[in-house]
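Two complexes, one shared chain (chain A), two partners (chain B, chain C).
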Partner chain A sequence: MTAIPVQTDATALTGTNPAPTAAGPRRKPRGTAQQRFPFLRNKKAVTGLVILGFFTLLALIGPWIAPFDPNAISKDILQGPSATHWFGTSHLGQDVLSQIIVGTRSVMLVGLVTGVIATVLSVIVGVSAGFLGGVSDEILSALSNIFLVIPALPLIIIIAGQLPDAGGMTIALILAATGWAWGARVLRAQTLSLRRRDFVEAARANGESTWRIVWFETLPNLTAIIASSFIGTVTFAILSQTTLAFIGVTSIKSWSWGTVLYWAQSGQALHRGAWWWFVPAGLCIALVGMALTFINFGIDEFVNPRLRSAGTSAKDMRRRGIRPRIGFTAIDRSAMATSRRRAVAPPAHPDAWAPETTPSPKSPPTKEPKR
Partner chain B sequence: MTETITALSGTPTAAREPILEIRDLHVGYGYGESPVRALRGVNLTLHRGEVLGLAGESGCGKSTLAYAATRLLPPPGLIMGGEVLYHGAQGSGEPPVDILSMTDKELRASRWEDVAIVFQGAMNSLNPVYRIGRQLMDAIAAHRKDSTKAERAERARELLSMVGIAPDRVSAFPHELSGGMRQRVMIAMALALEPKVLIMDEPTTALDVVMQRQILEQVIDLRDRLGFSVIFITHDVSLLIEVADRIAIMYAGEIIEEASASDVYRRPRHPYAHGLLHSFPPLHGPKRPLAGIPGSPPDLQALPSGCPFRVRCDHVMDACSQIQPVLGPTRLNEPGRQVACLLHDAALAPTLPESLSR
Partner chain C sequence: MKYFARRIFIYVLTAWAAVTINFFIPRLMPGDPVQSLINRKQGQISADAAQSLYVLFGLDKNTNMLEQYIAYWQQLLRGDLGLSFANFPTPVSEVLAQSLPWTIGLVGIATIISFVLGSLIGVLIGWRRGTWADGILPVATFFSSVPYFWLGLIAIMLFSITWKIFPTGGAYDGGLIPGWDLDFIVSVLQHGALPALTIVLSSVAGWILGMRNMMVTVTSEDYVTVAQAKGLSESNVMFGYAARNAVLPQVSSFALSLGFIVSGTLVTEMVFSYQGIGFTLFQAIGAKDFPLMQGAFLVITLSVLAANILADVAYVFLDPRTRQEG
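And then the complex of A and B:
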């Protein structure tokens, strides 16, 4: 709508310059890490990534770095946090810290596997339904509507009751099978709106194949929705997995944060005042949930080219009083000082249009050479 | 229409009161350390009852100027300095208000009431689910809260007939109107509150020439009756010469020539204006050879030193790469026109080229 300056071949212009450097400071060809990875500009996203990275690392190397065997029984029964047992011990003298560390793996695994499978399913079903239309759309919509009303937890409880040992993968698969439908519906709606847009029509007119239109024209526009739906599913999966372990549906032999809570509950930790038994597991769940939410904040800035090219951090913008809003253009009079390329002539007098009484041709001192 | 224009061009411009003054406006795109400098120190004055045309190549900052002056520039647009003074009260000696330092509330109240805009591609600006009468009435209701519904309905009918649409079309949906009619509805909507300034950003680009002419004649006619001022943005210079009283020509985010429409047409003083005017056939008068301007507009992030036009200019001198020309009187010292070119500086250029001194 507005006239964004057209980028032309700069070399064609500067090539004739006696001194191209006189053209003023050019944007550095290679920026700092923040410029190359705009995702890092968002402090919240960075915080989220760091927390999530920490837990992922714990999930990978947990069993090797745990100070004790989480199952090993000792004489230190129900002790508070100490130098040996950082998070205290359980009613059997097991080290709670080791249980948390070893349990991280199954929590992260269920979250990740559920997130990936459910997101892939929702993209396939949602985007196809939105793009194909007609009978295929009807069938796929009906399918997602059916899955939408299947309650995940009761289903898992029933299935887990039938299976001798309901491990992490079983849980992840069932959660994915019941958790994809909502994302599919959202994606279908967005695809329906996208496929009518001019750039998709233009791609079709160019003779692009439907496959290419779906993957290269439509899908990148859905990135924000897909990413936030992935984050949402992972959170849902982690909470569900913990719930199931807590109520004892999954195998109580394999450690997860929910299992810790299950034993804390059955060992009457609250009643005995053993807060160290359940607080760390609860905090871990809260931390992972918070990290995922923080990452979600950064996603929009990352996938929206308009926000990405705005080129500064939210904090910096707040400091300068810039709020990017439609209809109220930001004003920052200090921006001139930093990016000023030349001295600006004083504003023309409002009476500049009045016929001048004395002929005064422009003299060189009024013009200011460009820096 | 030609008569009106001659009549208006005849009045001395200096005697007229300013309504909107843009002073030293700097606008950039991007919130980072080096925003693209889309406008660099633009000064422009719109007088009461005048049609001011803004012309220039694509990407020279015409629309940016209009949107920045009304604070409608979407992110990542950034106003980096300057002021936009609106002289609301006529002849009462009240100080003008700076649109750029208004609070959000003041700005909302001032919009449409003082300065109204007809957008580029205006015919898609109507909401498809509401009847056009309702949309006109909503615009009025937002600013005139104490008006009755009957008054608003009456006003909507009046507005439609003003732009040449039968008043009974108030109950039509946007899809039931042709592109030209929708465009007129948008103009009617812009005029609903009798603003003092109407900004038209390529309002007729999507229409055929006959419709363009009809609509513009209507706008000029309304201007004569209601006395508002118009800023008219287009790259159709021939159209501009017909409708505008005064024309400002922009290049690379700066105004490089400003004069009455007939002066710009007959006696351009800037090499770029000369090139622009010789790149389309004249509507009247003898045929003349067409000549374009070689090259393309400069990259605003890597402007050449000195005059931004020098790399494409036929009359380039050594001084052009060292001195940045500013808007000033012409070499012939004609009243009421300004130009930013070193050729008009007797100390730097021995003579003014024949093509620019006619």
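And then the complex of A and C:
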């Protein structure tokens, strides 16, 4: 890989720098998971991953660990949370907790399938638009602009509403068909800026084929953006799927969080004061959405070091006597120390760890008046 | 002006695409849900109205696709969207014309409040990075991840059922006759407050986060440092230099995410039974009223397009670079 990682900085390079040394095998940096995956040093990203992991686990083993059959009708009608029914019961005496646990699978599955299909679509459209340029670019950009402007939900409603029976996978396909445009737009912009970088020009001068340039020079540098557009699409898919189920457009036979809310609404949960019926499902959606957003923040901060406040929470900064002002970029000294140590090992360019985006040392980028 | 011409071209293209999608969807669907509905209403539909529905839904088997497409356009340009099945025999255009002002009033005002408020808070948080203000971020993230309609449910539960401060639904008191008198206006404001609050609360977070991140990025630009070095007042640097530049991507993302926002707010109307387009669409789904659904989609898309054009005009005012000739 000859590509230079884009817009990463010191901490990022400690783990991802392929150390382009000609002589000798590449030494694998040994250390804790945190050092190997600098992404994990980001607290927000870790929080997001943990929450997401919990719901993924629930999606996998949900049907086996649910305490009741979600469809089973019992005599405990509209009961509040208790030891047997943690989240209470519905108007038919069904266990709400079991419905949510069982429903996790379809929510996560629709999110995943939509995310994968839409991301593939957006990579194809975005990268080719950025690379081909000219008329093809105009056509592809116009296409993604059209899909961005058309409001997705009413479109999905008129498609799904006219289908005889819209199940989970149908919905995932429709959502993917309507949700790829944002990613394509972002990817096109980034590809355009990459296309003129020196390493791509060098590859072209070397006579590498366009396919090779796309696959091995461009795509690796788009990883972070692809990941963040994937996560954005998954969030969109989960929210849309829940909304569609809630308004009763999709099949109400299978359980999902939206179906729980649909039954709560049609069962007059609000007017009967049955808050336990609709509060947990919404909180689950919010938790998953929040987890995904946190992961996206992690990626954002990974890509754009200016957004990073590594280890500089408000309290921490006050303790160290730092007053954040304009033009302030927090520097994580410990991270720099480790990266410097690593950067010394291979005969790398002395400035290799200096990211393109951070201000050059000549300008006064930091204002850290010590008290 | 070149910038503007380009944008207008995109919008014309989008409008054409929306109409074309609307034309093809019923033709690509398996089965003939509309045919069965027409059959059920047989005798109640006049020959003219039936012909109009045949054209809209491609049930006229004697013509080829191109002829159907041309006939469809001709009908649309006359403003004929067919008959609504649920509100039989009212034309779809009439049903939508009644509900559109409510949606524009509620969604328009709430979205603008949310955008302005969110951007202002974002400027302040971005400027005071690393102070207590950062504590707003996790809260904002939570609210941006919550579905609009669920927040609506919670709002109804708290403010209409537990504490009876606001009415649970509807756009005005059923006992009043719509008109420009004080009682009616007060009633409209009372009914609109809770849905508007819900929309603002769930969409403001996105603007806060976007603006904050742009501010953080912009404040390390050289021109901000220079402005600071010149000794300009802090508020001047904050609003005149940093925010002025940070708001540009915010406005263009406002235009682009309008589609998402409108989708979310339509569902809010459904929860509050607020008689706008969203609620009309909701009723159309329940009643399998396909002409109304298709018409609603078209009207929503065209409204979003119009809002996009307004956002573009605002962008041209804010960014002098787009006004440069050549």
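Going forward, the second predicted complex is superposed on the first by the 268 of 371 C-alpha atoms of A that agree within 3 Å, B and C clash if a C-alpha of one lies under 4 Å from a C-alpha of the other, contacts with A are read in each partner's own complex, and residues count from 1 in each chain.
Just so it is clear, a residue touches a chain if its C-beta (ideal position, glycine included) is under 8 Å from a C-beta of that chain, and two chains touch if they have at least 3 such contacts.
Just so it is clear, the structure is predicted and the values come from calculations on it, not from any experiment.
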Which of chain B and chain C A:Phe246 touches, first, second, both or neither: second
Touched partner set for A:Leu49, first chain B, second chain C, both or neither: neither
Touching partner for A:Gly273 - first (chain B), second (chain C), both, neither: second
Chain B versus chain C as contact partner of A:Met290, first or second or both or neither: second
Partner chain in contact with A:Ala203 - chain B first, chain C second, else both or neither: neither
Partner chain(s) touched by A:Thr235 [first = chain B, second = chain C, both, neither]: second
First, second, both or neither for A:Leu155, with chain B first and chain C second: second
Contact residues of chain A, present in both the chain B and the chain C interface: 306-307, 309, 312, 317, 322, 324, 326-330, 359, 363-364
Residues on chain B engaged by chain A in the complex (per definition of touch): 13-14, 18, 21, 23-24, 26, 28-38, 40-41, 43, 45, 58-64, 67-68, 71-82, 100, 104, 107, 119-121, 253, 295-306, 311, 321-329, 331, 333, 335-336, 338, 344-348
Touching residues on chain C, where the partner in the complex is chain A: 10-11, 13-14, 17-18, 21-22, 25-26, 29-31, 33, 127-132, 134-135, 141-142, 144-147, 149-151, 153-154, 156-157, 161, 168, 213, 216-217, 219-222, 224-225, 228, 237, 242, 256, 258-260, 262-264, 266-267, 270-271, 281-282, 285-286, 288, 290, 293-294, 296-297, 300-301, 304-305, 308
Residue ranges of chain A in contact with chain C within the complex: 142, 145-146, 148-155, 157-159, 161-164, 182, 185, 235-236, 239-240, 242-243, 246-249, 261, 265, 270-271, 273, 275, 278-279, 281-282, 285-290, 292-294, 297, 300, 304, 306-307, 309, 312-314, 317, 322, 324, 326-330, 359, 363-365
Residues of chain A defined as touching chain B within the complex: 1-10, 12-14, 16-19, 22-27, 306-307, 309-312, 316-317, 320, 322, 324-333, 335-336, 338-339, 341-342, 344-348, 350-356, 359-364, 366-370
